[in-house]
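One structure is given below, represented as C-alpha cells, and several questions about it will come after.
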C-alpha cells in the first residue's frame, strides 16, 4: 500500500466524489440508491482502515502534499490527525446510516439526489482533512453547494426561500472568511519554496499584530458561527432543517454543523491566539445566551423538526463555549461531543422521519400515543432523547460533563447559567416525548406500524454506540488527545 | 473474605442483567419468568450484599478500581466502587427492601399484560441498578450517574401507565424537579474538580485543606440543592406527592425506601464537608425542619391514602435532614433505615388496600377494612405505631436519636420537631382509623370484592413488619442500654473524621429520659385523639374552609410555583419565540434582505431612462471626484 | 499670452458645451454641443503644443513639437467619423419616432 | 524592441475566413509568447507595445471571440440581413481591442477606443425596426461622444501638464512627488472617461439601457470582450502613466469601485429581465475588476487576465443561451432543467462562476482580485464591501438557478429548433473550460510568465 | 495691450459669446449658425498661434463640411424653434449650475499651479505648417494614420447600414 502512494485522506475525499459523479450517470432509481449505499459502505471501510492505521504518518498524509496552484502557493495538502479521524469517521458512519434509514424514501431524479449526497460527503471529508487554508475553503464551499441543491430540490413547501436564506447566509460568512484567509496568507513568513503559503503550518506561524488578529478573528468567527450556528446567527437553521429532505437534514445537523466547530479548533485557535484570548469571554457569553435562548424557544415549538433544531442550537452553544474556555478538558469534551451529537441527532432525525413518513405530520400537538402502536420506535426514541439531554451512561453525558467542568473552571456564573439549559432541555424533550409518544392514540397515529428491520438495525447500532461510548469513552478521548494538545499549544 | 469483594461488581450488574433480559425479551417472556428474573437478580444482589456486609464488618473497606471513565487533561475519573460501612448498609437496605418489593410486585402487577409486566420489572431492575451505582460509587461522578439514573427510573415508573396524561405530567414534574437539583449537584462536582482536582471521596476528603470556607460552604450548599431535589425537600418537594401516580410498589421502593434517601446518603457520605460548613448545616437543619412541619400539616388534611403517605415521607425526610443539619449523621442514617422498613411497609399495606379496593385510593370511601383484611390491618397498625415513634418500635429509636441531638443543639428546634412528631401521629392514625375502622363507605361492588391479598403480598408485609418492630433495636440509645448502639459503632469509622471536629453536646441521661417521655406521651395523646375522632368518620359533602382548605390544597404551593416560575418561563419562551426570534433576530436577518431589496428599488429609480439625467449625474460624479481629489 | 488664458478659454468653451448637453433636449443640438466640447479641447491642445514648442527650443526634443497639432488633426478625423455615424443614428431615430427629443427616449429604464 | 502587431489588420467577412483568421492570429500570438520572437514585424514607432501581459490578454480575447462566433454565428441572421457587415464591424472592434490592449501613446488609446465605440454604436442600433434598439443606439452614441469629449480634455491636460510634452505614456516621467495641477485634472478626467467605458458608477448609466436595447447577440460581445478590453486599457493607462502616483489617486478608485459594486449589485437584485439583470451584473463584475486597478500589482494583473477569461466565457455562454430563450424574464427560465437538462447545467455553471463559487474560474478570478486588493494594503473596507456585494450577487444569480431547477413550466421555454447538438456541445465545452480554469488557473496565468 | 492681445480677447469673446448663443438659441438652425461662428473664432485663434493648417482644416472640414451636414439634417427634419418643448426648468437650472460648477472646479484645481504661467508664443513658430505636419504625419504617425482608415471604413459601413432604408421595413409596414 505504501508503494502505491495511496493515502487515506485522499481516498476519503476522492472516493465519494467519484462515486457521486458516477451516480449522476445512472438513470435507475434502485441502482443509484444501491450504489450510493454500497459506496458509502466502502467509504466507511476506508475510514475504518484509517483508524486501524492511525500510527502511520505516511498513510495519513502527514508527510507529503501535492503542489496545486503554483503562483499562489496552494497545495493539495490533506492529512488525518486524531480530530480529523474522528470527524471523518463520523461522516463515514453517518452516510450509510442515513442511506439505510431513508431507504424507503423515493425521490424524483434519484440518481441526482444520491450523487449530490455523495458529493456533499466528499466535501465534508475534504473539510476535515484539508491542511491548506485555501483547500479548506474550497471544500467548505463544496460541501455547501450540493446541500443547497438537495434542500431546494427535494425539500418541503417553503424550501426555496428557506434554503436560499441558508445559502446566502453561509455564503456571506464564508466570503468574509476568504478575505481573512487571504490576509493571513499575505502575512505568512516566506520560506525557501515560496513567498507565502496557505499551509496550516505557515498559518500558525503567521506574523500578525494583536490588532490584526482581533478583527481577523471576527472575519473567521462569523463564518464559523453561522455554520455552527451560534446565537444570534442561527435563524437560518430551524427553517432549513424544517424544509430540507430528511436525509439532508441529517447531513446538515449531524455533520455540517461540526464543520464550524472543527474549523474553530483547527483554524481559529492556533492562528489567532491573542484574539482568542481577547474575545473568549464575548464568544462564551454569546454561546451561553444562545443555549438558554434556544432552549426556551425549543419549549414553544410545535414542529418536531424545529424543536430538534433549537435543541441542536443549544447543544452547539455549549460546545462553542467550551472551546473558548481553552482548557484541555473542555476541548476534549467538545471533541467527544461532536461525535456524540452527530450520532444522537441523526438518531433523532431518523425517528422523526419515520414518524413523518407514516403519518405525514410533524406537529407535536397533532400526534399522540405512538408508543402503543410502535413500542420499539418509542424505546429507541426515548433512549436517543435521553442521550440528547445528556443522561449519564449515554455518550452525551461524558462530553457535556467535561465541557461543563471546563466552563465552570472558566467562570462559575456562566457555567451556572449555562446549566439552566440542562433543566430546560429536560423540559422540552420530555414534553415532546410525552405528547407524541405517550397518552392516548389519536386517529393519525392509530394506523402506525412499528419500524422495519433495517430501521431497527440502524437505530440499534446508534443506540449501541450511544451506550458504549457513554460507559467507555476512553478510546475516543484518547484519539483526539494529540489534536487537542496541538490546538492549545499556543495558549500554554 | 477478599473473594467476596471480587464479586462486588456483580451487585449492580445482576439487576442490570435483569433489566436487559426483561427489556429485550419482554415480548417473549411469560409473566412468571420475568417476575422470577426480576426478583431473582435482586435476590442475588442481596446475597452478595450480605456477604459484603459481613466482610465490611470485619474491617474490609476497599476502593475497587475497574476502568478509567473519563480521562482528559487533569480530569481523571475512574469507574470505581467504594465498599465501606455506609455503602454496605445502604446496599442491604436497597437490595433487601428492593427484593421484598419485587416479590410483592409479582402479585400486585399481575393484571398487566406480559410485555408490560416485563417492562415493569425491567424498569424496577434498572432502578435497583442505578441505586446501587449511586451508593457504591467511589466518586461523585459515579454517584451522579446513579443519581440521575434513579431519577430516570422514577420518571419511567411514575409514567408507567403512559396513557394517562396526568401520570405523564407527574413523571415529567418529578424528572424536571430532580434535574434542578441535579444541576446543583453537578455544579458542586465541578467546584470540587476545580479546587481539588478530583472527585474521589477519599481524595476530596484528604484534600479538604485545599478548600477555603467559602468553597466548602458553596459546595455543600450546592450538594444540598441536589439533595433537596432528590429527597423532596423545600423548595423542590412538590414532585413527590404527585409521584404517587406510579404503581404502589414503586412508591414504596423509590419514593419511600430508597431513592428519596439518596440525598441523605450523599450528605452522610460528605459528612466531613458539612461538618466544616456550619452555615450549610444550619440551612440544612432549618430546611429539613420546615419541610417536616410543612409536609406534616399538609398530610393532616389529605384524603388520598397514598398522598398522606407521600407527605409523611416528605416530613420524615425532613427529620432526617434535621438530623444531618445538627450533625447527627448516625441518627439520620439510622432513621433512613427504620424509615425504609416502616414506610415500605405502610406503602405496601396501602397497596394491599388499594388492590383490595380495586384501585380506589380515596380514604373517604374506605373504612372498616379491619374485618376483611386481617394481616394487612395488623401489619399496617404496627407500621403506624412505628412511624408515630411509639416505643419499642423502630421509629422510636431513630426519631428519638435525632430529636435528642436537636435538643442538644437548640431546644426551640426540638420543640418544633416534637410538634411535627405529634402531627405525624395524628395523620397516621387518622389514616389508620379512616381506612380500617368504622364502617365501609365504598360502593357495594367494592364491598363485595374485598378480600385479603395473596401470599406474595402478605409475606413481604410480614417481613417488613418484623423489621419495623425489631429494626430499631440495633440502635438503642446509651441512656436505655449501655453499649446498645451497635449501629453507631458500626458506622463510626465513616463519621470519625467529622466527629473529631464537631463540638459534642453531652446530655445527662435524665434529660434524655425527659425528652423521650415528653415526645412519646404527646404523640400518644394525639394518636388516641385521632383514633377516637376518625374511627367514627362519616362522609360529608361539606367544603373545607379556612386553614383546612389551605391545607387541603397543600398551602397552594403548586399554584405559587405555577405563577412564580412556570408561567414566567412560559411567557418568556413565548415572547422569545414570537417576538424576539421572529421579529427581532430573524427579522433583522430578513431585514437585511429587505433592505437590499428596498435599496434596489430605490437605486433603480436613478436609471430614469433620460439621457439628460444620466449626463447630469455623470457631471455631478465628475464634480465629486474632483472635490475628493482636490480637497481630501 | 500666458497659457492660463487659453486654459480658461478652453475650459469655458468646454463647460458651455457641457451645459448645453445638459440643458437641451434636441439630440442634434446636444450633438453640436459635444462638437463644441471637442473644439475646446482642440484649442487647448494647440495652445499646449505652442507652449511646449517654446520650452523645447532650449532642449533637444524635435519630435514633440507637432504632436499636439497632429493630435488635433486626428480628433477632427474622429469627429468627422462620429458625425457621420451620429447623424445617421439620429436620422434613423427620427424616421421611427418623428422626433429628435431625447426625453422621448425612455422605453429603457430602471 | 518593437514587437509587431501582426494582429491588427482587419479581416473582412465570410464567417469561415473570419474564424480561420482568428485561429491564425491566435496561433501567432501563442508562438510569439512561447518563443519570444514575433512572426511579422511592423515598425509601429513604439506607438503600440506588446508584452506577455497584453499578448495573453489578446489571446484570451481572440479565443473568446472565436467561441462567440461559434456559438452565435447563426444568430446574427436574426438581427438583420447584413450579416457580413456585422462580422466586419466586429472585426473592426477586435482591431480596436488589440490597439487598446497594446497602446503606448494616448493617441492610440483614443483611436482604439473610437474604433471600438463607433462600430458598437452601429451594432447597437442594427435592429432598426426595434425602437429599443434605436433608442439604445442614440443614448449610447450621445453619452459615448460626451465621454470622448471628457477623455480628450483629459488627454489635453496630460499633454500640457507633463514637462516632456509627450503623449507617450511611458515617457511622461511624472515622478512620485505631488502631482502637478494640470496632471491632476487630466487624471481625473481620464479616469472619468475610462470609468465610463468600463461602466463604473456613477458613469455607468448607459450600460443597462444599451445592453438591454441592443440585439442580444451584440450585447454578448459588448458585455464580454469589449468590456474587458476597456479594462485592459484602463489598467494599462494608469499603470504606465500614473503608476508612480498611485497613492494619490487610489482613494478615487476606491470610491468609484465602492459605488460600482453597490449600485451594480443592488440594482441587479430587483430586475425581472435576465438581460437587464446581466447588464447590472456586468456593472457589478466591473466593480470587482476595478479592484485590479485599485491594487495595481502583479497579482492584480494576473488576476485581471484570469478575470477576463472567466467573465467573458461565462457571459458569452449565458448570452448564447439567452438568445435562444423565448422570454427574457427570470420566469422565462422556469423549468429549463426539465426541457434542456444539459443547457440548464451549463447555465448553472456559468452562473456559479459569475457568483464566484469555488472550482469555477470565477472563483479563481475573484480570489485573485481579493488577494491583490488585500496585498495592496490600503482601504481594507473596500475588500469587505466587495465580498458583501459578492454575497448579494449570489442572490440574483441564484434566482435563475432556482427558476431553472425548482420551478415548473408547462410550455417550452426555448426555441427548440434553434438548438443544435453542436451548440450544446460547444456550451458544454465552455462550461468545462470554466471548471478547468477554476481548478487549474495556471493554464492562463502560465502564459504571463513566458 | 498689444494688438495680439486685443485680438486674443476679441476672438475669445466672440468664441464664448457665440458658444453661449449656440446653447441658448431656440431654433436649431440658429444654433448651427452660431456654432459656425464659434468655429471661425477658434480658427482665428489657430492662426494667431501660427497653426495655419489646422485653421484651414477647421474651417473647411468643420465649419464647412460637418456643419453643413448638420444644417442639412436639421432642415431635412424640418425642425424649428417650436418643435423643441422646453425642458423642465429645474433640470435646466441644474444643468447650468453643474456646467458652471465644473468650470469653477477645474479652474480652482489649476489655481495654485505654477506651470500655468508658461508662455504661449503667438504669431511665430513653424511647427504648425503643412510641410512639417505632413512629414510628421507620414513618418512618426503612419500607424495612427493607417488605423484611422479603419475608423473611417467602419464609420462608412455603419452610416450605410444605419442610414439605408430597409426593404423589409416597407414590406412590414
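For clarity, chains are labelled A, B, C, D and E in written order, and residue numbers in each chain start from 1.
The rule is short, and it goes like this: contacts are C-beta pairs under 8 Å (C-beta built on N, C-alpha and C of every residue); 3 or more make two chains touch, one makes a residue touch a chain.
Since the structure is predicted, the reported quantities are computational estimates derived from the model, not experimental observations.
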Provide the labels of all chains in contact with chain A and in contact with chain E. B, D
Chain D and chain E share contacts with B, C
Contact-richer chain pair [A-B vs B-C]: A-B
Farthest from chain B by Cα centre, which chain is it? Let me know. E
By C-alpha centres, the chain nearest the middle of everything shown is A
Taking each chain's mean CA coordinate, chain C and chain D are separated, in whole Å, by 26
Rounded to the nearest Å, the gap separating the Cα centres of chain A and chain D is 42
Which whole number of Å gives the spacing of the CA centres of chain C and chain E? 5
Averaging over Cα atoms per chain, report the distance between chain B and chain E in Å. 101
Chain C residues counted as touching two or more neighbouring chains: 3, 7, 14, 17-18, 21-22, 25, 30-31, 47, 49, 51, 55, 65, 67, 70, 74, 78, 81-82, 85, 89-90, 92, 102-103, 105, 107-109
Where chain D touches two or more other chains, by residue: 107, 111, 114, 118, 121-122, 125, 128-129, 137-139, 142, 146, 150, 184-185, 208-209, 395
If I count partner chains per residue in chain E, which residues reach a count of at least 2? 87, 91, 94-95, 98-99, 102, 106, 109-110, 115-116, 140-141, 144, 148, 151, 154-155, 158, 162
Pairs of chains satisfying the touch condition: A-B, A-D, B-C, B-D, B-E, C-D, C-E, D-E
Complex contacts: residues of chain E adjacent to chain D: 106, 109-113, 115-116, 139-144, 147-148, 150-151, 153-155, 157-158, 161-162, 166, 168-169, 172
How about chain E: which of its residues touch chain C in the complex? 4-5, 8, 12, 15-16, 19-20, 22-23, 28, 31-32, 35, 38-39, 42, 45-46, 49-51, 53-54, 57-58, 61-62, 65-66, 69-70, 73-74, 76-77, 79, 83-85, 87, 91-92, 94-96, 98-100, 102-103, 106-107, 110, 115-122, 125, 127-128, 132-133, 136-137, 140-141, 144, 148, 151-152, 154-156, 158-159, 162-163, 165
Counting only contacts in the complex, chain B reaches chain D at residues 593, 596-597, 599-601, 603-604, 606-607, 609, 611, 614-615, 617-618, 620-622, 624-626, 628-630, 632
Residues of chain E touching chain B in their complex? 87, 91, 94-95, 98-99, 101-102, 105-106, 108-109
Please name which positions on chain A make contact with chain D in the complex. 69-72, 134, 137-138, 141-142, 145, 149, 152-153, 159-160, 164, 167-168, 171-172, 175-176, 178-179, 182-183, 185-186
